[in-house]
Amino acid sequence: MPSDRPLLSLRAVFLRQFLRHGRSIMTSPADVANPLLFFFMVITLFPLGLGPDPARLATLSPGILWVVALLASLMVSAKLFASDFEDGSLEQLALAPYPLAVTALAEVSAHWLATGFLLTLVSPLFGVMLGLPDEGLLTLLVSLLLGTICLTLIGALGSALTINIRRGGLLLSLLIIPLNVPVLIFGTTAVREAVLGGNPESWLALLGALALGSLVIAPLAIGAALRVSLDS
Amino acid sequence: MLLEATQVAIERGDRRLLSGVDLRVTGGEIWQLVGANGVGKTSLLRGLAGVARLGVTGEIRHAGAFLYLGHASALKLGLSAVDNLRWHPASDVTASAGQICEALAAVNLAGYEHRPVGALSAGQQRRVALARLLLSDAPLWLLDEPFTALDVAGCEWLEACVRSHLNGGGATVFTSHQPSRFGTLQQDLDLGHYAV
Amino acid sequence: MAPVGALLRAVRRYNTSMWTFIHKLGSPPWFFGFSGSLVRWLLPITVTLLLVGAIWGLLVAPPDFRQGNSYRIIYIHVPAAVVALAGYYVMAFAGAVSLIWRIRMADVTMRAAAPVGAILTAIALVTGAIWGKPTWGTWWVWDARITSMLILLFLYLGVVALFEAYENKTAAARACAVLSLVGTVNIPIIYKSVDWWYSLHQPASIKFTGESAIDASMLYPLLLMIVAFYCLFVLALLLNMRAELVWTHRESGWLKQLVGDT
Amino acid sequence: MYFESLASVWYMDGHGFYVWLAYALTALPLVFMVWLPIKRMQQHWRWLQAEQRRAAAATANQASVMGSDV
Amino acid sequence: MPSDRPLLSLRAVFLRQFLRHGRSIMTSPADVANPLLFFFMVITLFPLGLGPDPARLATLSPGILWVVALLASLMVSAKLFASDFEDGSLEQLALAPYPLAVTALAEVSAHWLATGFLLTLVSPLFGVMLGLPDEGLLTLLVSLLLGTICLTLIGALGSALTINIRRGGLLLSLLIIPLNVPVLIFGTTAVREAVLGGNPESWLALLGALALGSLVIAPLAIGAALRVSLDS
Amino acid sequence: MLLEATQVAIERGDRRLLSGVDLRVTGGEIWQLVGANGVGKTSLLRGLAGVARLGVTGEIRHAGAFLYLGHASALKLGLSAVDNLRWHPASDVTASAGQICEALAAVNLAGYEHRPVGALSAGQQRRVALARLLLSDAPLWLLDEPFTALDVAGCEWLEACVRSHLNGGGATVFTSHQPSRFGTLQQDLDLGHYAV
C-alpha cells in the first residue's frame, strides 16, 4: 500500500511492528506461560523415562535440557505465522510498503522475547533440578541465549514455508530439525565442556556466529517464503 | 488516475483464468467486478492489490495508497474489536481510542467494543472489518464481496459510506453478486468477456 | 417394631434434612448469606491458628536431634502438601456434582478450588526444595513423593489453564469438570506408578527422616498447622466463590437488593 | 521458648536462612490467596453500587423529564 | 438427525466411521509418513545431545524410545479433531443419531492405526539403532502396542477439550502430559526389565489394564468434551 | 409436523438473546428467520438442529430426519468434491459416484469433481456444500445463509431446488438477509420480536 506520506525508516518500521506484536502477545498471558510450562513438563518426563539416579541425570542434563529446548521451539514455532495467514493479516502485511523481511523479523523478535528468551532465563532452575553442576549453569544460560535465537529464526523459516500446507504441522518438524542439528551440537558441547572444566568459550563463539549468521540470512529467507505462501 | 491496469492476465494453479483485462480507475468512480462464480473476481482483485504476484502478468500501477479488504478479514478472533482496529497491518496510520469507538458506533457495534471478535456473529465480524474503511485515509478501496453477511441496514450503511468516499474524491473497486447497487454511479467490469 | 420404625423415621428425617441442606447449598442467595457469616468467623480463627502454630513451631518447639532447626520447615511443608492433595479431591468431587446434577454452585466450587490447590502444591514443593538443601545438600531429587507432587501441580495448572482459555465460562466449567474427573481416576494410578518407578531404581541413600516416630512436643504444633491450613483452604475457597458469585449474579434481584442495603 | 536471644532466632544454628526463606515464600502466596478474592469482591461490590446509583439517577432524570412534558 | 430408517447397530456405526476415516487418512500419505519421520528424527537428536557412547545409549534406549513415542503422540494428537471442528464436520457428526463416544472412538481407532500402530511396528528398527539389546525388542513392541493405545486416547481427550480454544496447541500438551505419566513409567520399566532379564510380564499386564481402562473411560470423556466444545 | 419448537430461549456466553420463540414447521412450508445482524438467527438455527445444547431451553421436537447446513460447510479442503460428498457425517446415506457427479453437474461444477475443494472459489465451495441437498432424503432442511457467495444463476438454482423440495412434501427453514426470496410461498419469523 504505497502512500503519499513519507515512508518510515526501516528501524522505525521494525520497532513499531515489534511493539505491536509484543503487545498482542502480552494480552494473553497463557501464550507466555505455556511454552515455559511445556518445557518444564517435558523435562520431568526424562527422569521418569531414564530413572531418577542423580549422578546419571547430572551427566545427561546438558543433553536433556538442550533437546527439550529444541523440541519446545519446534512446538511453538509451528504456529508462528499460521494464524496471521489464516485470518488474512499476512496478506495485509504484504501490502505494506516495507520489506516483509523487516516486518517478519520484528514479529519473530517479539516472539523470541516471549518464548526463547524467557525459556533461557528459567533454564538454570531446571538445570538445578536435573542436577547440572553449578559450573555449567552460566554456560547453559549463555548457550541457550544464543541458541534460541537460531532455533526461533529457523523455526520461523519453517513456519513460513509450511503455512499454506494443510496439516503442515509435522512437515515443519521434518524441515527444521536437520537445520537445528549444529545448534544442538554446539550448545550441548559447550555446556558439557563447562561442566568438565574445559573451555566452553570456543563453542559459545561458534554458537554466536551461527546466531549472527541466521540473523542476517533467515529474515530474507522468511520474507521470500512468506511471499511464496501468499502466492500459491 | 488512482489505478491503472493494462493487459492483465491471471493464472491460477497452471490454468489461465483471465487475459487482456484493462482497468483505469480515477477518483469519483465505482467499479463493480461482475461475473459468475469461479470466473476470477477474487483472483483479479488480489492481483490488482498485489497480494498475489505469481501468475499475474501485465502492468498494474497505483498512484497513492489503497485499502484492500479480502474474504479473510485480518481480524484476530481472540482480540477485542478495539484491539483489532488499533492499527492496520498494511498502513502507517494508528487510530486513537476515540476514533475507534466512533467507527464502531458508526457500524452499529456500540457496546461490543471489548468483546473478543470471535464471539460476534458473522455480520458483526464483517462490520468490524468494514470499520477499517472509516479509519483509513486511502483514496482507493478494493473490496471483495463487502456486502456478504450484512443485514439490510448494514448494506445501506456501506452504500452511504462508499458514496461519501466518492464525494471526497476517492474511488472503489468491489465485487458482489447483487447487480448495480449504486445505480448509475457505478460501472461494471464484466469478467466474462476476459475469461479464457 | 417400634424401635425399627423410630430408626427409619430418624434416618428419613436425617436424610431429608441433609438433602435440604445440600439443596440450599446449591442456591446462590442462601449460600451467599451462609458463606458470609462463615467467613466472618473463619478469617480470625484461621489467622490465629496460623500465627499460634507458626510461633509454636518456629520458636517454642525443640529442634530435631538429627536435622537441627531446619526441620521447622515441616510446619508449613507437610500441611501444605496434605491439604493440596485433599484439595484435588474436593475439586474433582465438585466437578462430578456439576457434571451429573448440573448444579451451578458446584462449578463455582471447582473453579475456586483449582488455583488455591495449585498455590498450596507449589508451596509444598518450594518449601520441600528449600528443606532439601540443608538436609540432603541438594535442592531437588527425583524422589517418588516429590515427583508425584510435581505431577499434581501440573494437573492443577492444567485445570486452571483450561478454565482461563475458554471464553464461555459455563462451557469452561464443563470442560474442567471432565478433565478433573479423568484426573481423579488417574491420581491413584500416578501415585502408585511413581512409587514403583522409584523403588525399582534402587535410589541413592536419600530418605525422608520423618518416618521415625515424632515427639509429641513437635507433633502438636504440626497438627495445629494442619488444621490451620485446612481452615485456610476453606476460607480461600469461600472467598473466591463469593467474589465469583457477585460477578456472575450481578443481574439478579437478590444481589441487587443486598448491594442496595449496604 | 526454645531460643535465648533474637539473634539466635534469626540464625537458628546456621539453618536460619532456609527456614526463614521457606516461611517467607509461604507467607507471601498465602496472603495473596486470601487478599486477592477479598479485593476482587470489593471491586465488584463498588461497581455494582455505582451501577445502582447510576440507574437510580437515570430513572429519576427520566421521571423529571416526563413530568415536565406532562 | 433422527431418521425413519432403522438405526444401525453401534458396531456397524463404529465400523462405518472407522472405514470412512481410514480412507480419508489414506488419501494423504504424508499424514501417515510424517509421524514416523518425526519419531525417527527426534530419536537421532538424542545421540547428538547425550553423546554417542553405545554402552550408555543402550541403557538409556528404553527411556528415550518411550519419551519420544510420547512426544510424537503429543504432536500428532494436537490435530486430531481440530480440522473436523473448524470445517464443521464435527457439528454434523454430533447431529447423527449415534453417541458421539462411538463415532469419536472410531475416528481415534483409525488414527491410532495410522500413527501409533505403525510407530510400534517400526520401533524395533530404532531400538536396534540405539543399541537396545535384542531381549528388549519384543517387549518394546508389545509395550508400545498397548501404550500407544493409551497415549492416543488420552491425546484425543486433550484434543477434544481444546479444539475450541484459539492457540490451544501447547495447552493440549499441558493437559495430557500428566495423564500420560503412568503409561511412560510402565512402558519403560517393562522394557528395562526385559533387558535386565527380569519379568516384564507384570508391567505389560499393567499397561494392558491401562489400555483397557482408557478404552472404556476415554470415549465417554471424549464424547462429553466434544459436546462442550460444540456448545461454547 | 416436521419440527415443533415451543417457548425456546437462547443464551450465549451468559447473555440471553431470544426467549419465547414458537415455531411449528409442517411439510410444504418455507420459513425464513429474519432479523438484524447479531439478533440470534444462527444461534437459534443451531439450537433447532441440536448442535448447541448449552444455553438452549424450551422444547424442540423433530419428526423425521433433517439436514443442517451451517456457515462452516463440513468440507475437507484437501479432499476433492467427490470424496467430500461420498458420505455425510450426519447421515446413513452413502451416495454412489454416479449420483455425486450428477449432483455436481446440477450445481454447475462439472469438470471440478476431482480438484481439492480448497482450490475452488468461494461460490464454488458453497455449491459443493449445497450439492448435499440433492443427495439427502431428509424432509426438513435447516440452512444458514445458503445464498451467500452464490452468483445469480446459483441463487436461482437454489430457489428452484427448495421449491421442488417443497413440492415433494419437504420443508425448509433458512436465514438470509435478502427479504422474501420465495414471495408468498414463504413465511417470516422475525426474531426481533423475541429479542431480549
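Here the chain labels run A, B, C, D, E and F in written order, and each chain numbers its own residues starting at 1.
Assume a residue touches a chain if its C-beta (ideal position, glycine included) is under 8 Å from a C-beta of that chain, and two chains touch if they have at least 3 such contacts.
Not measured: the values here are computed from a predicted model.
Chains making contact with subunit B as well as with subunit C: A, E, F.
The minimum number of touch steps linking subunit D to subunit E comes to 2. Should one ask which of A-C and C-F has more C-beta pairs in contact, the pair is A-C. Annotation, subunit A versus subunit E: rotation angle of 180 degrees from the Cα superposition, expressed as a multiple of 5. We define each chain's centre as the mean of its Cα atoms; on that basis subunit A and subunit F are separated by 45 Å. One finds 36 Å separating the Cα centroids of subunit A and subunit B. Centres computed as Cα averages put subunit C at a distance of 33 Å from subunit E. The residues of subunit C that reach two or more other chains are 151, 154, 157, 161, 165, 167-168, 170-171, 174, 194, 197, listed in rising order.
Among all residues of subunit B, those that touch two or more other chains are 71, 77-78, 118-119.
Contact with two or more other chains is made by residues 28, 30, 34, 37, 41, 48, 51, 83, 166-167 of subunit A.
If you check the complex, the residues on subunit B that touch subunit E are 77-78, 118.
Remark: subunit A residues 1-5, 8, 20, 24, 27-28, 83, 86-89, 91-96, 227-228, 230-232 touch subunit B in the complex.
By the touch criterion given at the top, residues 12-14, 54-55 of subunit F touch subunit C in their complex. By the touch criterion given at the top, residues 116, 118-119 of subunit B touch subunit C in their complex. Interface residues of subunit C, counted against subunit A in their complex, comprise 138-143, 147, 150-151, 154, 157, 161, 164-165, 194, 197-198, 201, 203-204.
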